[in-house]
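A, B, C and D label the chains in the order they appear, each numbered from 1.
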């Protein structure tokens, strides 16, 4: 699965994107955030307040209870400040 | 006193403006409307529904209970439809 | 301090771009500009033109009062109102409001307020001209009066 | 039938006049055009520039969804949304919404709705650059979320 990061999530993690192979227990967006934070370092810092992280699956907003797709792009980012 | 008329008030009365000398009993806007309607003809037709007529005194909206000024310009017109 | 509104009542057309530039050019404190342009519609092909009669002198004064009220009520950096009179063909401009502010809510509300009050308070009257007919005066609607009530406080 | 919105996400500037002309030129059924332009403020002289990061692909898709929602909700004759990204200096344009309709209420509400939703749903992030400091990400506010709730129904 492809993960992409934006704004301070990207800066704290230290990369803009990566490919990951998910362990079988990681099924929801919340699972993914917990698993990534467990990597420590920049991941732990970026995802410390997981509830603040916004997530999009294949370019659509989803909530943290959403199931992850079998394939595609999952994006993690802070609340938007455009407009 | 100068009277000016606009839109269908002007068309029905048949003139855009005139000078009038008010009888002493004509003190309010409502008095003026009644006195003018009493002239009959186009005045009676224009002012038949007096409550619909809007009035301005020296370029400011006033209600029908307002006292007429000693001097200046009184305008009679239909509800506005600009914008 | 409240901005000083620009008010023009004129027969000729106006330039939206120029009026926006007048309120933003060379400035770094304007965050939001809302414009409203009112145009003449042909009402499904029925209309040849609108004729706008106005009360010279009072039109400028009354729009000035409405604009000053808006400038006192919202923190605007600039406010422009232009209202045309005379014969106006479908597709042509009738009225322009430009409201500039640091933040968007003030600009939106001021422009919206201006239009509601212009409709019911500015001394202009529209006559519709259709092919082969005598002109017909547009009637004011209950809705126009209700729109003004939105702003009571 | 709902109009088909135009959506652009671009680094370059836009022309307000051109975008309005695109929705009104040659037409006789448009009675009202509301535009919103968002500009970069210098925050009392503090800011050198804003940097706008965006999520390519999703930015267009999400603005498209918000615009389609507006086009379904109000009887618009046209709707255009342009959002810039990259480095933007004080006084420069950031975002443009143009809503055209037969009647003014639809145009005002659609433009207002678009801006409230763009602020909180479109994947853009602003970083403030001040002289001699590292950039600071702008934080989303409670107010931004409250603004969206105005449109629940």
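Here is the rule we go by: a residue touches a chain if its C-beta (ideal position, glycine included) is under 8 Å from a C-beta of that chain, and two chains touch if they have at least 3 such contacts.
Per UniProt, the chains are A, B = Molybdopterin converting factor subunit 1; C, D = Molybdopterin synthase catalytic subunit.
Since the structure is predicted, the reported quantities are computational estimates derived from the model, not experimental observations.
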item: Any chain in contact with subunit A as well as subunit D; value: none
item: Shortest path length from subunit B to subunit D (each step joins two touching chains); value: 2
item: Distance from subunit C to subunit A - Cα centre to Cα centre, in angstrom; value: 48
item: Subunit A-subunit B separation of Cα centroids, rounded to whole Å; value: 72
item: Separation of subunit B from subunit C, taking each centre as the mean of its C-alpha atoms, in whole Å; value: 26
item: Subunit C and subunit D, separation of their C-alpha mean positions in angstrom; value: 23
item: Junction residues of subunit B - those touching two or more other chains; value: none
item: Multi-partner residues of subunit D (each touching 2 or more other chains); value: 38, 115
item: Chain pairs that touch, as defined at the top of this document; value: A-D, B-C, C-D
item: Interfacial residue positions of subunit D with respect to subunit C in the complex; value: 15-17, 20, 24, 26-42, 44-45, 90-91, 102, 104-105, 107-108, 111-112, 115, 147
item: Complex contact set, residues of subunit D against subunit A; value: 38, 52-55, 57-58, 61-62, 83, 94-95, 115, 118-127, 137-140, 144
item: Sites on subunit B touched by subunit C in the complex; value: 4, 6-8, 56, 59-61, 75, 77-83
